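Take a look at these structures.
Heads up, the next two complexes both have chain A, just with different partners, chain B and then chain C.
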Partner chain A sequence: MADPYRNTYHVAVIGAGIGGLSAAHTLAGHGFNIVLIDENPHMGGQFLRRPFRPHNSDTGGTASGSRSRLLDRIHQDPMVPAGTWLAEAVTAPGAGVDILHPAQVLGIFPDRRIWIMASPTAGTAAGQDARLMEIKAEILVLATGAREQYLPFKGWTLPGVMSLGAAQILVKSHQVLPGACTAIAGTSPLMMALANDLLKHRGHVAALADSHSMRWKMGQLPFFIRHFPKLIQGACYAARLFRHRIPVLHGHSVQEAQGQERVSGAVFARTGPDGCLLPGTDRFWKVDSLAVGHGFVPNIELPVQAGCRVTYDPALGGWAAAVTVNMETSVNGIYAVGETTGIGGAEQSWIQGKITGMSILEQLGCIHPLQSRWGRFVKTRHQLYHRADECRSYGALLNRVCRVPAAAYGRIPDDTVICRCENITMQTIKQAVQNGFTSWSSIKKATRCGMGRCQARICGPIIQKIIQALTGTEPQIIGPPVSRGPVKNLPVRLLIPSAGNPENPPGQEKGQ
Partner chain B sequence: MTPQLRIPSTARGKQITITVNGIPVTAHEGETVHAALTAAGIYLLRQTLSGEARGAFCGMGLCYECLVTVNHIPDQRACMTVVQDGMKIRTHG
Partner chain C sequence: MRSSPHILIIGGGVIGTSIACHLAVQGTQVTLVEAKDLASGSSGACDGLVFLQSKKPGVHLQMAMESLKRFRKLQKQLPVPVEFIQTGGLVTIETHEEYRAMKKYVQDQQAIGLDVQLLDRKQVLQREPGLSRRIIGAAYSPLDARVNPISLTLGFALAARKNHAWILTRTPVTEILVKNNRVTGVVTSRGTILADLVVNAAGAAAGKVSRMAGIQMPVMPRRGQIAVTHAGPPVLHHCLISAGYIAAKYNPDLARTAGQGISMEQTENGNLLLGSTREFVGFDTGNTLPGIRKIITEAAARLPALAAFQIIRTFAGLRPYTPDGLPILGPVSKLDGFVMAAGHEGDGIALSTITGELMADSLLDRKPAISLDDFSPERFDSLATDPMLQTDPETWRPAAQAVPQGRIR
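Our next item is the complex of A and B:
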């Protein structure tokens, strides 16, 4: 069968978020073969959640009037139009970037061979005609992005309880409300953004519960002066919440999500200074969906699997790929960009993508247009480094604002599910910790936590914080979550050529 | 009756029909299975071995909680699969 894609590339960029797009854009047009791989059905990563626009229809306006639309435009993140432009520039036919999506990267093996699962026709990587392919690249750019983290509570496994990101994807990409009546809880600034998106589309927000007290948040305000536009954005969000009279519960956390086969109500309770829930302060809201999120963690499965060094720093959001100033990881020829190297927002990804692109061009012996003019390049590069530092400082602030008091993880009730895939409760984890299983690999073997389908993507950061809260063990000693190929699930039928996939058996592919 | 969760007066892809557990459900081109099921008020997507109800959680292909059977192929992530006309979806694993 004729392969629609080449097998060897100069540069392979994994992840088509802002970081990956920016790196691909900087590299494009210099005569190199570049491939951009993403597993999502739509390009743009988690930041750029654009509505699907059919080719034959005009752009429909939002449900609200022109006045609110003007307000939206004023407080819109400038990275949204910039990112949209970037996505269009990279995906344009003449851009010189091969795009492979939806395609699932399963692992990176020696000599920068990438194993990919893709189906040419189904709208998903693991569909009917899924097959394995191998791509070899001289240089790899990992732009794997970030995911949310959570503080588990009773009933967080009920259908209708979802991450803030899931609710935002529904509203922004698909224009579907997550529920008729939604409650929002957690510590993340995404809460305000989600409430704003819901209200903009005439959704109903029951309440917004922020675990941090008003006083604590006021204390953080002076740090935001350096990041003034974010402050304005936040103020606009707050104004809309106020205008719609949405109850905002400062210093409240979710105590419980109630319901049988679906969430039917949420109980919020006041949070004490050390993260405990104060008895007698609980308030009930009847809701049919609940969005929760407690900050972000970098997706480091692929860098860890590829053998890159990772470092732990709460200011980076937890474990993150260690990189040099030129965004190169500890493995020769592998670069990491964006949230993979530490949470810092879309602008950081954009700038790091540019730095990565320039460094790669240099490594490949090519000159970027900015470098060709004498003296200009050095200045541009220094400006980029400087801006990247600024973004990093915003990232550190963001991670501090999102952080849940460490003790809260030690106070999760015993019957709460921690590992969703394997149904491991807090009681089991606690017992294992008391029995001395205080490293990531030992607690995994003792309880099976993190061994399910999600491979600790959801429970990994939670369990690390539980161990930390119960025993005071440093995260460096607990260790980073282990990751081996394949980093995501693949059907067994793909590994057994005789089981109905005769066209492209793994290991028999020939390089070009 | 499920409430109207699709935000009105927005441009969408062509209207198509998928079947969920044998019942026809309206969807639009470009939507994920997760979005189409949510709009139809279907939240319960699978059950654990002990019979607990689970639905989509992370929405971005990480948690594998939204596994449904798509066109007789089991364990497909609803949040990462785009609907196609005539797609047959079965929930509850």
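Our next item is the complex of A and C:
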């Protein structure tokens, strides 16, 4: 638990996914004050999802773990035990790392001051009984991970339509099925993982639609030979789907989610090579939930706010924090690690975390050139560089597999809502693009897209792709989404003096 | 001057686009050059108050009153909705000193025929039931209004373009061409553009742009930070500013004691805009923790209902500050063909329509409806040796900070 009175640290690590944990672990035990901050009540980020509660059976059917099968044991990712060990090591008493969670970082201000909304009791959702605090750190490590990305379609805002990640959280963390019968669609490897999780928990999967054709996927196989374990994992997933006779539609995309108050059916149609839906090929599936996902984008809000340079590269999953080989960003004293710097899987985050930790130790003067460890230090670091490169090449493959043909974004039907917070439709966006508003900051001004509660976290990457599809403008010219604090909505009441807010001393009130 | 001059405007903020629009509808050949995007400067990072009460009685208030008249007709002329609404405005009063100062202020305004009255607490709460009971009164004018500053700027630009103005975005001006003491055009990132008249409407950067032509202009960036809430139910029906700032104008002692001030408005969508600070920090548009913290606590103290809202975003804009608080409008006599239109500080949105019209008249050699004499660039000639004109705006700070840093309006 974090010391409630301390507000300066040598190192603050934001994000306790594999990347943040690995960096914190490398740094621990050298006598520095380290704080690890995460908005989730558990350690391990998107990768280590563990049940919040042992059992639950209220909605959407019961979910209960099945007997461990041979299949599970073969395809278990070696990163799972490694990550679990990391999480235990970092949180162990005496590890020397202050853990602050659930606590959202709202903003980063000059001089590496970070603004945090912390829940005083672990286990409750952030926001309840929250308090604001400010921490200053000599060195910042941004390990904020990634989020999912979508290609909007008709009906995608209906209740019951959710992201693959959200469905995964329901099953894995809350032990609840997303519905009695779920359809899965998109372009992400997460689709297979989710289908497996659902089956393992006795859920029913109606069908799985993958936008890529079988032929295209076979063409990618040779590239995956280098990443053999991932192939095995994929094969195991496929075997389970086959055994449960789950229809897998290759080269199909979701055309529409149907339903009045919530989703009651999904329509899949065959996809042409440039992402268009072929007329007359649509098939209807009666479902009460639909999980979709089209890959991942790095969470760059905090790096952007801190003034770090970001770069665009489709191989990184879009805009990502630019880093040196030692994971330093363009801002002195700020490092970025894990999927913030580009999508690449859990192993990449782990390796990058180690490199970050070593670089920071060096910067803080812990590694003296004459120390005997020096030789080993150099060697280890070079091995890590090498592995980090391999992870990057896997990441590039992953992002290619997730990619949707650019033209598909230009073909979203006119009445589809793109910015859900401000209710901005495709038609409005198209009109603005026609009027010459083809940069991120100008289209936002012209349409209000991205100005709502989520501050473009969902629609930002989509709108960039729409502009790109409609005009051919390069993403570098469209520009990255701008980010300002607070990254997450901040209740005003937390700033009001009194109301048990020790951090805001009363006294500014004028008597009357 | 030639019969149909080619006029080039530097700056795509509300002032530059308004001038472009007013010129283009008269068939003049206009080019507008903007370094980034339209409304990417102060005009896209501000409140949208069209407040009469906050203007100093005199030519400042006269401009604002004329501007307001034009706002009423504006919607018909612009292709996008600008959300102009006369909500009426309140200047809230919290102390008896403020009350005395505001009483005199209101009398002065009434004397020149402004529709404004002083309300007591009961009357204020009748009008605006959500306000805190610590407010002892308010000055009220039904004329005060608000507008969406971004839509307004884009509206001017689209109307100008419809009338064949050429608008170039992402094209910074890097040099101003001068030959025989006459401006002949500008050099931009996309090449040279020749023009007969060059209008400097670069907002807070107008000082920098003037220097490109070898002219010193005392325009400095003055940062204002703003916090925005999510779109909630209506809790504020008027535009609101607190008396702190205005009272201080009349009684400098109050600046120290009353100090704090705040502006609040709730937009069409339901978002509350809470502003703002006044700081000299160069061209830094960052937000600071103390700045936004102060704005939010001050606002919530006046509008308790704010406690149920959430802040979704903060941002900051750079007001174009001038030493006397008035804009600099009109030709620079030292350099033929170089015309100033900048320095509206915290009133650029409110004064945009009238500024566009007066500038268009002046540029086309017609007699403007209001004389521009009070806004002439020459009024600062005596400042030639002032440190303000000698230092880089990045580092310049006022000698005796008249308004303490971080002060809130």
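Here is the rule we go by: the second predicted complex is superposed on the first by the 460 of 512 C-alpha atoms of A that agree within 3 Å, B and C clash if a C-alpha of one lies under 4 Å from a C-alpha of the other, contacts with A are read in each partner's own complex, and residues count from 1 in each chain.
The definition used in the following text is that contacts are C-beta pairs under 8 Å (C-beta built on N, C-alpha and C of every residue); 3 or more make two chains touch, one makes a residue touch a chain.
Predicted, not measured: the structure shown is a model, and the values here were computed from it.
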Practice problem: Applying the touch criterion given at the start, work out whether A:Arg420 contacts chain B, chain C, both or neither, answering first, second, both or neither. | Solution: first
Quiz item: So, does A:Pro110 touch the first partner chain B, the second partner chain C, both, or neither?
Solution: second
Quiz item: Which partner does A:Ile367 reach: the first (chain B), the second (chain C), both, or neither?
Solution: neither
Exercise. Examine A:Ala446 and indicate which partner it touches, taking first as chain B and second as chain C; both and neither are also allowed.
Key: second
Quiz prompt | Touching partner for A:Asn489 - first (chain B), second (chain C), both, neither | solution = both
Practice problem: Answer with first, second, both or neither: which of chain B and chain C does A:Gly165 touch in the superposed model? | Solution: first
Practice problem: Answer with first, second, both or neither: which of chain B and chain C does A:Ala235 touch in the superposed model? | Solution: neither
Quiz item: When both complexes are superposed, which of chain B and chain C contacts more residues belonging to chain A?
Solution: B
Exercise. Check whether A:Glu261 is in contact with chain B, with chain C, with both or with neither, and answer first, second, both or neither.
Key: first
Quiz item: Which chain A residues contact chain B in one complex and chain C in the other?
Solution: 452-453, 489, 491
Exercise. State the interface residues of chain B toward chain A in the complex, per the touch definition above.
Key: 3, 5-14, 28-32, 34-35, 38-39, 43-45, 48-50, 52-65, 67, 70-71, 73, 75-77, 79-84
Quiz item: Which residues of chain C touch chain A in the complex?
Solution: 36-40, 44, 94-95, 133-134, 136, 150, 154, 158, 169-170, 229-231, 269, 286-289, 292-293, 296-297, 300-301, 306-315
Quiz item: Considering the complex alone, what residue numbers of chain A touch chain C?
Solution: 107, 109-110, 113, 115, 134, 422, 435-436, 439, 441-442, 445-446, 448, 451-453, 455, 484-486, 489-493, 495-497, 504, 508-510, 512
Quiz item: Considering the complex alone, what residue numbers of chain A touch chain B?
Solution: 39-41, 46, 51-54, 57-63, 102, 122-128, 147-148, 157-163, 165-167, 169-171, 173-180, 201-203, 260-262, 420-421, 423, 452-454, 457-458, 489, 491
